[in-house]
Amino acid sequence: MPHDCVMSLNVESAPVITQPAPTPLRLIDDAGLAVDPSEAGGFALPSPEILLGLYRRMVVARRFDVQVTALTRQGRLATYPSALGQEACEIAAVASLGALDWLFPTYRDSIALLTRGVPPEDILASFRGEWHSGYDYYQHKIAPQATPLATQALHAVGLATASKLKGDHTVALTLLGDGATSEGDAHEAFNFAAVWQAPVVFLVQNNQFAISVPLDKQMACRTIADKAIGYGMPGYFVDGNDVAAMYAVVSAAVDTARNGGGPSLVEGLTYRMEAHTNSDDPTRYRDSSDVDAWRGRDPIERLEKYLVSVGVLTDAERADITREAEDLAAATRECMTRTAVIDPLELFEHVYATPRTALAEQRDFLANEIAEHEAAAAKTTGESA
Amino acid sequence: MTAHNSTTHTGTAAPATRPAAPMTMAAALNAAIRDAMVDDPSVVLFGEDVGPLGGVFRVTDGLYAEFGETRVSDSPLAESGIIGTAIGMAIYGLRPVVEMQFDAFSYPAFEQIVSHVAKMRNRTRGRIQLPIVIRIPYAGDIGGVEHHSDSSEAYWAATPGLTGVTPSNPADAYSMLREAIASDDPVIFMEPKSRYWSKAELALPVRTAPMNQAVVVREGADVTLIAYGPTVKTAIATAELASEEGLSIEVIDLRSLSPFDDETVSASVRKTSRAAVIHEAAQFGGYGAEVAARLTERNFYYLSAPILRITGFDIPYPSPKLEEYFLPTPDRILAALGTWEWS
Amino acid sequence: MPHDCVMSLNVESAPVITQPAPTPLRLIDDAGLAVDPSEAGGFALPSPEILLGLYRRMVVARRFDVQVTALTRQGRLATYPSALGQEACEIAAVASLGALDWLFPTYRDSIALLTRGVPPEDILASFRGEWHSGYDYYQHKIAPQATPLATQALHAVGLATASKLKGDHTVALTLLGDGATSEGDAHEAFNFAAVWQAPVVFLVQNNQFAISVPLDKQMACRTIADKAIGYGMPGYFVDGNDVAAMYAVVSAAVDTARNGGGPSLVEGLTYRMEAHTNSDDPTRYRDSSDVDAWRGRDPIERLEKYLVSVGVLTDAERADITREAEDLAAATRECMTRTAVIDPLELFEHVYATPRTALAEQRDFLANEIAEHEAAAAKTTGESA
Amino acid sequence: MTAHNSTTHTGTAAPATRPAAPMTMAAALNAAIRDAMVDDPSVVLFGEDVGPLGGVFRVTDGLYAEFGETRVSDSPLAESGIIGTAIGMAIYGLRPVVEMQFDAFSYPAFEQIVSHVAKMRNRTRGRIQLPIVIRIPYAGDIGGVEHHSDSSEAYWAATPGLTGVTPSNPADAYSMLREAIASDDPVIFMEPKSRYWSKAELALPVRTAPMNQAVVVREGADVTLIAYGPTVKTAIATAELASEEGLSIEVIDLRSLSPFDDETVSASVRKTSRAAVIHEAAQFGGYGAEVAARLTERNFYYLSAPILRITGFDIPYPSPKLEEYFLPTPDRILAALGTWEWS
């Protein structure tokens, strides 16, 4: 593009972004009451029907999370990072996306996968240690759950940019933790997205801890949403335990992205109720009184109060939701009884699309070794029989 | 990046066979990218200064003008960002060709390359492929200041999941880059900077040996010299010098560092019974170690002498006025061969 | 530290930062007139004596820069990235630092080194290709000029933090380019500095190009100073061609850092007048009309007008400055006539503090090879004589 | 990080010789850092979760409580930031000990490590030294999910300017970490995760062989097995098995990967005439290539058979349920030795 001679290209062209208010946006308060529209930042409270749907998904997701944590305590999974307490963020993220949109989750976001339709068995494949990741990415339009922090944010920006280049309307949404925003990749993702005006939404679940490190040792700004200013994109500071607000804001951000309005950063302020993973010991670094206080801000209970107050959460509905949740828990337990057939020779199969002689040799070596072991074992069995 | 108004993403003219013309390696690489972009609308190009400037080595010269912002674009200055976004584009079906401006500036992208580019296909049981080409101008002998002459091939070669190739001449540059762009595997495409201005007569689209094969570029009977990228020229010069002294040297251009073409190289070593590998990178832990180790494993009883490594010293790449002492020269190679017991 | 149970640790404790005005702060305008104090953002115009000193340093620095560019065009240096037009930023940076403070420069900042007392010969060692870097870091308290972009910003934060941990009052100042702010390391440096409240100043010279890439393809925010908000540190958007403003703001930021007030980010809005380096061809990516327009905003001419108007730039003074500049240019040319004695065996000397057998062997190998070549050459000479 | 009010930076109690007690490698490492901090006020410790939590492996347990925020601190979550700031601290005279939480999470810091930590001393003609210790828990066999079991030693070993060591037992862990912290060179200190809970009776402060030396941990006559870190135990188990079959195996614990102790290892190889190197990392381009190549170069005419590499396969580290197929086992090692011609 030709440059007119101006003092700075950006001062004239870049948008003025206002710093978000220091109180998180909420549409339903702790007590389950709808906040006054004048304080709702221009966002409308979703309809009771939508909220009831979100409620159902949150209850089901929590049941899954609790079930998987229990299985992990029994030693049946290698690890499981729980999202208990973060259901409002996770479910709002998924509910805001269309079928063709893509989700870029982390290790913590199993319930987002569940909500988007990934079968429990496929979610748990990696946590059971069967394979590094185990679902159908293109069917669900979900990237593999990322472990190296913030790296997936760049993948989301790339996919969104590709969608834009192709003239499609696919939006990408990526989930990030508060800690992950400190990584260089988070910065590069925010900046590439803003410069390329990629249709992407960054949803930071600020659960206030990165393993043991609390937010104030992670960053010195007021809110994570403040960071958006430095990229020239809108930032939203939202009560991450209010699914109504999360859904309203994330949906709007997705719409903006889809309509060519570029990226947004949404911070959901929440709290990690469980340990980081089963191998973590949170008593070493935080007071249980904090956890207790946050228990009082539970995203499900809050919505429940509201739904009861507006009369859509009937006993029948409740029973039906409980049934769905229990069925899922049962299915989850049941899938653990099926031992996945793992073929060690598959180790060599997917490393490259182009076959390699050396890998074929190694595959044969392992096949031979296994056959010999089996033969030896059979012989021992035969002898002892 | 701006979206195109139209849905066509192709360039202006389809590549046909063109008359032979003298061409530098830089021009051959440029033609390869252009032809690939014309043939396949999913090929996109981005990186630092690859747009209007045409890259600091002019390898992407003219492509921005021809294909426009939709398919060729300058990215913000962040290498991890370049690789990370290329991954996302590849997931969506594009075939990104990206440039790391100089070898040492690929290091900020190390995590994206090693933890994602290399592992994505395996992680997803083959469901997600990443047909990405990462072009890295590498190696020295250009009088570059610090960080502009690294040979980083050992890092990539040690990483399962990556394919690593390096052309030594314009014909291979064209042919191998076309093949790399067409590959469904991610390819680290290492371009020897000191050979960018080397010339050859080429009738495009030229097709040389498949990119995963080594090539015997000069036949010989007594010694096999194994070289790649910038040192192929050195090895050939050595062979010429040696032939004056009655020593017949076979020169192999590896072309592919990962995979390694065991068949071609072992055949040569079995024939000559003596081999040396030549590279610019430091010796300790360098790529030559793999070459020497695997050839010895596979051909031990054919060898009359240990496989030698004639390489850079185990020090950081030196400043311009000292690089002549660092780089392997024909004299140094011949002297090294002279240390063998020749019974 | 114990955490009171609050919604978010940071919202309550972190400072509110206001977004900088979209016009750069200046104390002397393009025409050389002092701006009205009401528009000076609370910064006082430095005294005529201070400004005269800055003027002298700028003139001398430019003469050096022009001289070195000329030598480079003659092919006598491997490369030289010129800072022509950026003298106000470079000189203000150095003038704001105390003797014990540290400077972390880039390849572009040779004139900052010069201004801080590094002899031309030592600056040019690396650009002549003699060694990677060639001055006395601890004497001048200047880190090696960094090439890998933004990496040095982290070094500055580390040094500043060490100073704080030791209870010293050393401040670190690092110079960065606009392009470099896109790197992950810039982000990590800003964040570490803010969290650790390190006594460091980030001075971004926004010369609006990263080689060929213009600012609006580098970032989508209005000003680089805006980025400070996301870290919870003050950001200043300053006219980088007004040395009075640059000096006032950077000095204040250094004082803040020294007095325990933590880091600041200062953006100097300027322009790269020359090519990126001698091997660059800017006609490929920018209009000469832009360059011409910026020539009219020359930092030296502007200050000159002001100094003349207030009567401190006398003819005698001018002559003296010219003499200093010409002497330096002569000394620079002269140092190029001295061929540095470069010992190739030194290649092995500094890699490790702990001696290594393998390196000693390689050193001996090279020594032997050189000796043999010399002997062969002597023989040839002897034969032909 | 908060500045201390006082100017003293030492801990509460000076280390003296303590009675022998059983101790895990994790505890030995912890004691080494503690003792170094007590002895030298310039030693500081930081990284992700190394503070109140004591590190995810508890290697820094109790140090935050003992030394306080001035000397032990949790950093923001950014590995390049950790290494980059450590460099600045070292320039100012501190001796930072930093942790990369898991091997694969050192990759974001690759540029700072390769372009600065490794090169600073050389770049500045020895004027700036960087006495930094980068602790990296590495390797597998712990049932870790992806990215938690990488063996990244080949990257560091290929980088001139770095020193790379790895203990295989608690005594070495203590002694070598003390030496690494005392070294004026930057040291990549690789801690084999699977050995963290291995125990030994130690009377601290224990001093073993200098960290740049390899050690013959079991003498033998027929074969030399060269191992390091997690595979030393495997090699010893192999030697025990083999001795039942009448094969006498000498086991060498390399301890130092860079530099390589040519003297000790070559002496053993010349004695046995047969050698194999064992590591978890993939074989292609792995550290074993350097071991095999240099031993062959230096001892070719002493060798009865090619040096073997018994290593992980050339694939990304597998998921927990498959790692048993990947890791070298005594059986696999013995089978490999059986492929030699034993004339």
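Just so it is clear, A, B, C and D label the chains in written order, and each chain counts residues from 1 on its own.
Just so we're on the same page, a residue touches a chain if its C-beta (ideal position, glycine included) is under 8 Å from a C-beta of that chain, and two chains touch if they have at least 3 such contacts.
Just so you know, these numbers come straight off a predicted model, no measurement behind them.
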item	value
Longest centre-to-centre distance from chain A, chain (CA-based)	C
Chain pair showing more contacts of the two, C-D and B-C	C-D
Separation of mean Cα positions, chain D and chain B [Å, integer]	32
Centroid distance [mean C-alpha coordinates] between chain D and chain C, Å	39
Whole-Å gap separating chain B and chain C, where each centre is the average of the chain's CA atoms	35
For chain A paired with chain C, centre-to-centre distance based on mean C-alpha positions, whole Å	42
Where chain C touches two or more other chains at once, by residue number	131-133, 148, 182-185, 188, 191, 195, 197, 217-219, 351, 358
Contacts with 2+ other chains: residues of chain D	76, 78, 80-81, 104, 107-108, 111, 115, 119, 122-123, 146-147, 160-161, 260, 284, 314-316
Residue numbers on chain B that touch chain D, as the complex places them	80, 104, 107-108, 110-111, 114-115, 118-119, 122-123, 146-147, 154-155, 157-161, 258, 260, 281-282, 284-290, 292-294, 296-298, 300-301, 303, 305-309, 314-316, 341
Chain C-touching residues of chain B, taken from the complex the two chains share	48-49, 51-54, 56, 73-81, 104-105, 107-108, 143-148, 284, 313-316, 318-322, 325-326, 331-332, 335
Residues of chain D that touch chain C when the two form their complex	1-4, 7, 9, 44, 70-71, 75-76, 78, 80-81, 83-94, 108, 111-112, 115-116, 119-129, 160-161, 163, 183-185, 212, 259-260, 262-263
Chain B partner contacts - residues on chain A that touch it in the complex	102, 131-134, 136-138, 143-144, 148, 151, 153-167, 170, 172, 184-185, 188-189, 191-192, 195-198, 346, 349-354, 356-358
Complex interface listing, chain A residues touching chain C	1-3, 5, 7-11, 13-19, 22-24, 182-188, 191, 194-195, 197, 206, 208, 214-223, 226-233, 269, 286-287, 289-290, 293-294
